[in-house]
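Common to both upcoming complexes is chain A, partnered first by chain B, then by chain C.
Let's turn to the complex of A and B:
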């Protein structure tokens, strides 16, 4: 069920979305977007750049944020703004080591403007250890 | 007490790149490209890939996924941007921002331009960082802005 503006209260949370990326996910994402920076698929290259392993693309994590917001708001057409900051790196799951990326969101503001009922969300992309690697925010226009 | 003169790493020559736009790149939003994108990011909502599902949701066509834009940018090779290779050791993507102004759907032909919107420096925990803000603007067939994107490239 899509969120309705009249039911939304500042401080409320949106349902958590849990995602998992494997090394195959990173290769698929590279192919789908044309981002072939080697730190996302070549472990030796990534380690030479000082990283522990290949890392998730920032835009892949942003897609996870967008999915959580779209699910709650009632579709991608509800989105008006989406911001993500890439503060920490996220690693893909490897056999025996599962890495999960969880998206959380909280309503921080609701208002009406230009005939639209807008809600602002504070977002957090959280790694398996509970560290917020990807803070963000969104503005959505909700049904009344 | 003497006031130390702060020497900026960013010169007038660097600043001259601000506002210089690339020629527009043209992109047809292909159903297959959207399907591969959805598969890559694990987006299972059928509205993106199934026209009947999109129509059942009240949409005229399959919508463009909200972050699909990252794969259809302006020709970056044509962007005239300042070179900060003499400074620091690596590049990072600090963050991105999308503003959605008009919906876009599979089958549309969109154009994208990119420009350096701003250049500035900032003192971070690990030292000085140079920010280059890139702005991408996607327009539809009638010239209306569909999505505006900003990306903070960091040199540190």
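Let's turn to the complex of A and C:
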């Protein structure tokens, strides 16, 4: 269901989006983006850089934030702006250790500008332990 | 394409050895990080499909021509957050001309100085329009700012702000990106060492000036420094009287009673081993001096400025005793 501008209220939450990345996801994403930095698929390399394991690409987490917004806004929408802070690292799921990345969002503002109906959302990407690793925000133009 | 260098001097000019790292870094601010690049491929469905598969995004406006045609977009579009993908060099390194790869030089300087690792910390993208198959992008990139050295959880390093502008085949801006990266010196991993002891409460730094205070605390006494020149009390301890400049002093034992002069309840960031919420209070003793301590044995929400408190001494561990304050109970004498 597409979100309708007239129904949107400041303070309302958008449906949570739960994502899970495995090391396979990271390899696929590296290929899909052309970002072949080894901290995303080579554990020894990542550990030499002081990290506990390979970590999710910041751009992957940003894409997850965008997906949550698009899912809520529905097909007929346009993302205008997306901001992400990579405050904490996120690890991929490993056998026996599931790592979930949950995106939550709240509407913080709605306004019309240049004929567009705009909504601003505050977003947070949360890890399995409940820590907000990836705060962000988005501006999206809704159809009606 | 020649790199535009603000100073007009060659970026290859030998740098004086005494120039600080920070100064060397700042010279890169305002320079293009690399020459403009044109995308190797136009926006295309296969790359979009791989991207959508990777992140697991099933939105049909990206991959299903029919559904996309019926949508507001009236045709397939690329996911907006793919903005930076089209101009990624991937594994096709194009050797830059000398002086053109300013970001590479900047990274090289930091690598040599020991700041060998890099992570992205912030990203802001703005999308002027959705991209469609066939769009051919060009990107320009600018080194916008470089921070002072900062200490972070990952290690000490420098934040570098890059600003990218993406234009289409008509030269129109389709989007921009601010990307902040941290180029840092990785913390040592204590993998082979025994598991770290649980964090302990920070130790006071004891020196010749304040030793009397901490030794008093160890005996369960709250001592205040007193100038033997003018008899004024002072805290925290220091060698010279701020009133008469005398270096002579002795101590007086406080009765341990006072009031909350001010307080804060820290919430974030949590620092082990402290538990939250707790109260950090500035206590004004009856004798007139003030000291920073904690107000305990009370719900933090109940603490008020001016409330009477009295000292107690808590044994934190086998090395540390701390004076703390709790609400005065009745007229109990200490």
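Keep this in mind: the second predicted complex is superposed on the first by the 142 of 144 C-alpha atoms of A that agree within 3 Å, B and C clash if a C-alpha of one lies under 4 Å from a C-alpha of the other, contacts with A are read in each partner's own complex, and residues count from 1 in each chain.
One rule holds in what follows: contacts are C-beta pairs under 8 Å (C-beta built on N, C-alpha and C of every residue); 3 or more make two chains touch, one makes a residue touch a chain.
Remember, it's a predicted structure, so these values are computed and weren't measured experimentally.
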First (chain B), second (chain C), both or neither touched by A:143: second
Partner chain(s) touched by A:81 [first = chain B, second = chain C, both, neither]: both
Chain B versus chain C as contact partner of A:99, first or second or both or neither: neither
Which superposed partner A:62 touches (first chain B, second chain C, both, neither): both
Chain B versus chain C as contact partner of A:29, first or second or both or neither: both
Contacts of A:47 with chain B and chain C, given as first, second, both or neither: second
Chain touching more of chain A, residue-wise (chain B, chain C): C
Contacts on chain A seen with chain B and repeated with chain C across the two complexes: 19, 25, 28-29, 31-35, 49-50, 58-60, 62-64, 66-67, 70-71, 75-77, 79-86
Interfacial residue positions of chain A with respect to chain B in the complex: 19, 25, 28-29, 31-35, 49-50, 58-60, 62-64, 66-67, 69-71, 75-77, 79-86
In the complex with chain A, residue positions of chain B that touch it: 33, 36-37, 39-43, 45, 47-48, 57, 59, 63-67, 70-71, 90, 92-100, 103
For the chain C and chain A complex, residues of the former touching the latter: 47, 50-51, 53-57, 59-61, 67, 71-73, 79-82, 84-85, 88-91, 116-127, 130, 154-155, 186-189, 191
Of all residues in chain A, those that touch chain C in their complex: 19, 25, 28-29, 31-37, 39, 47-51, 55, 58-60, 62-64, 66-67, 70-71, 75-87, 89, 143
